[in-house]
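This is the structure I want to talk about, given as structure tokens.
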């Protein structure tokens, strides 16, 4: 951490900062400039120390953090890219992983038809919401347990893995029975109580980016999942909130190379939530693979125009099959395969 | 809802939209223009119907929502401003309500000194975090139950109400024993499972705005709290995330008159989290009162430079007392009193 | 335009709106609902009429615009994608167009070496700033006329087209002598006086997106360029401003398919300004091509570590050559060629 | 500037950074930590040096800027708050300055009635647009010279100062004949060619904040105005662009205390453009004064429902008079007067 003193800061004020740093076990080096004094606070744990501890001291102008606040998720801590193995499927490897399915599980017929389509098109994971976080309390909230059971049956019948969202701690055990991967939704990215509990399970976790979270905060949230021992964490970019109003969210495509540089965790992209509109999903999906994403999370529906939730962003089966075909040469162009 | 058809949409496509609307019990009126056809979907429940239901139909160009998605929190539903009564304190009335205290409860000494200061300066509610949602798992997480007990003791000793945050469903009962008002933090604004459970309690709720939430989403989240019967909901603006980097968040001052126009719920402002810096708290606090806020939530600390959490944004006791004195004439200027 | 009246709006208020619409030559259709009255204002010019004209009338709750405010840039107006022909080069055709060069022209040596590299790698246009808009008045402001002359010489010597920025009306004539394409920078996207003047020239224009402009505003700015007769307008996405701080701007990848849907104009991507860091340029460049962009605008420099402006975002020559090689199979995968 | 080296950076890489800094005349101090080396670059001009110069060097992980990039606008450079004297009016003094008038000058009748109202209510400056920057080329563009002449007549007749916008360099001379204060609009905040030219005039300048500009960039743009000698620069906050959609822009109220801390320049607030809706103007205007703004820029219109531009955000005369009356006690409460 770098503490810049105000012009005219007194010797006592400088000493105060130095003592505070030493009392916390940090090393200190002083740069007494002609105009201002700058104090470098050194040590391996400065990333985890709130900068406020120094910023509040008298005579301090500003504190700049140099070390990033996340540790376990960082590439410095774990230089090799993580390869997440899940019952025969690998996320982060050469083969791209496509997770597809309906936003909400609605019926056996809907889910099984979808699963068959995912399987046939080369997807490895079936997604589907059983518990739905809806903006309004008057909207459809999901089939809940019945939805989980259907996912479990589809998993067996079609030989797919299942990913579905966990909304609260009490649901973890139940959901873990039917799902191979537990999803933490964007609205829960900083539900730290939930993250801590999930860190104690041995199920892989798909952590979606919060819609106003920086990449740094996202990776710090991943630290919560890694802190208690769970090592199988997959990130999922799903767009951030900006002023642009032609789409639902703004897909942050550069987060892919940023994460690849600063973290060892694999990262998927969800073009369906990022755009909110099926017409824009293929372009964003292709861009994600070209940018180096390790896979996709895509919403598909046998009849988007009757979907109970998010029909506008769901691809029809033919559109999904076309997209899978179109992605193959792009994957190959970046040295990956579908 | 207004459905605009594409230029050249066929008669069948228009009929399809009309039938879908009628099947949902809505009225329909057609505007067949020279260039495009526009279909008005009428009924009192259109606000609760996802616009996707029409947007996905063939031949549809765009769907505009006219009714707002929230209902119970709206001023149309409840034209009189709500007055929230809490053990002798009224939020939303003529007298402004100041809630103050440390970000985190650290010790009896810290809390009691603070409570005495709040009481003396005319504050009615003591705030203090027992369970702290921290960005990093390696940061101080709060005194937890011990913190609650201290809040309970301070409440009795100083005759103040207590507001503190509930992070998860399992904590509700415990926290409700010691607190008069249960706070939902910004990161939990759309933790719908938590909101539903809180709607079934009879404790008043302070609902902070999510840091990327629109006012419309915030009021829709309030609908969750109101849906199961709880009528004592207080909003709290605490800044939103923008590109501006000289402060931590951007205080959205116009949300105050916007809420007063569209909702009956009282709204407080938290200038401490909104700015992240004690130097900017007084100006923003004054602005909030001038704009019509019903009160403030302010962080204060006996010794900000030793605070374990968010010291930089905490006012010292003298600064808080000065601010309370400075606020009185502004309150009076807008027809309120401290 | 759709005018929604307040609940309880009087018959006189409704009539007032209707008369105002008729006085402007619009058609009107009334939807008198059980709760609110909705008035559809119909006509081909409603997109160009400010919605305020109705929003200010007594009894009006809200006005929704259905027609987009731009016209000449819209695909409805011009259904075929525009192919911009510039001295033998085509923008918007099957072959992708790469424009590359230094942020600022610094010297003959620097520019000529760069031009040779661009040519050899398959680029068709040399970019280079002669007049530089710099955030601080104390920063290097470009070689100005001398820079233009060097660009003109490089153009001849290497058989490349030249694109460079025009900052003000007085520069148009001078710049047009040396450049094949006139660039309007992000900060000038709504410098309407400049746009109007450029619309009267017969030089093709590259219009960069403003860093807080919506796609709709960007296309409306393009209408200024098209309004006086110039038909050769090329759009260039360069990232928008958001809260994310790991890169300089947030590349809005979904603007590519959004523009392809709503406009006939070709669109390039500038991954250098969008990211601000050479390490992230290749991934974003690949994503742009995969998403359907018609080409790229890339900063390269013989020795990025000595560049006077924006060295961090400039690719070295070997990195540029590698990127060009890597882009070819992606272009092919989306049915284009380099 | 603080240069942090990558872990494992070589001695040569560190030396390279040191040499580069010394070659630019900076002092250097090395902090060789156990994990990374940090280099402090010292000197009074580091704020004006692009950080890229070091960020591109091999082995460099990150560069943090400590000195702000603006100088002349900073309070460090000019510790006393500036008092801008304009023909008997003082901006930045004890008395608040209210500038009011129509968005666009439409007719003599409209302007003179407005001027009389401004004068009577205690305003000192008449605002009114003669040249209007409009998003669409098909919208009303202002009365242009005729508008200027009307402003000049109103100035004489009512004893008010006049502020109006200059859109391009060629207009400066003409506008300066009729106006006491030249306004630079939000879209031109970084039109550096225009700023430079204005810095050479002796007219005071009102510099509006760009709608995606940080406070730091805004103050750096002010440096352009101050660089050539003009010392009479007034800032005007008018809201920034965010995701919030209930108002047109988000008024950044904390920019007021931020500017007061870091700059000596006076700052006004434009609540009309910030909100886009007359219903929200009074609350935001009051908040601005309470937060410490030096005055207001308000749109008023004799008949907002017939205004050619921005009618929705214009106050009627009675609403303006009421607001002026309501502001007086707030001004007094913060030690100012109307």
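Chains here go by letter, A, B, C and D, matching the order in which they are written, and residues are numbered from 1 within each.
Keep in mind that, in the parts below, contacts are C-beta pairs under 8 Å (C-beta built on N, C-alpha and C of every residue); 3 or more make two chains touch, one makes a residue touch a chain.
Predicted model only: the values in this text are computed from it and were never measured.
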For chain C, which other chain has the most distant CA centre? B
Can we say the copies chain B and chain C touch using the same residue numbers, with more than half in common, or are the two sides different? same
Cα superposition angle of chain A on its copy chain C, in degrees to the nearest 5: 180
How many angstrom lie between the CA centroids of chain A and chain C, rounded to a whole number? 31
In whole angstrom, how far does the Cα centroid of chain A sit from the Cα centroid of chain D? 38
Whole-angstrom distance, CA centroid of chain C to CA centroid of chain D, is 26
Specify, in ascending order, the residues of chain B that touch 2 or more different other chains. 212, 240-243, 245
Show which residues of chain B lie in contact with chain D when the two form their complex. 212, 214-216, 240, 242-247, 250-258, 260-262, 274-275, 279-280, 282-284, 286-292, 326, 329-330, 332-334
Residue positions on chain B within touch of chain A in the complex are 48, 50, 52-53, 55-58, 69-71, 133-139, 167-170, 187-188, 190-196, 210-212, 217, 220-221, 223-224, 227, 240-241, 278, 304-305, 307, 309-314
What part of chain C is in contact with chain B in the complex they form? 2, 4, 7, 27, 29, 31, 33-35, 38, 40, 42-44, 62, 64, 66, 76, 241-243, 245
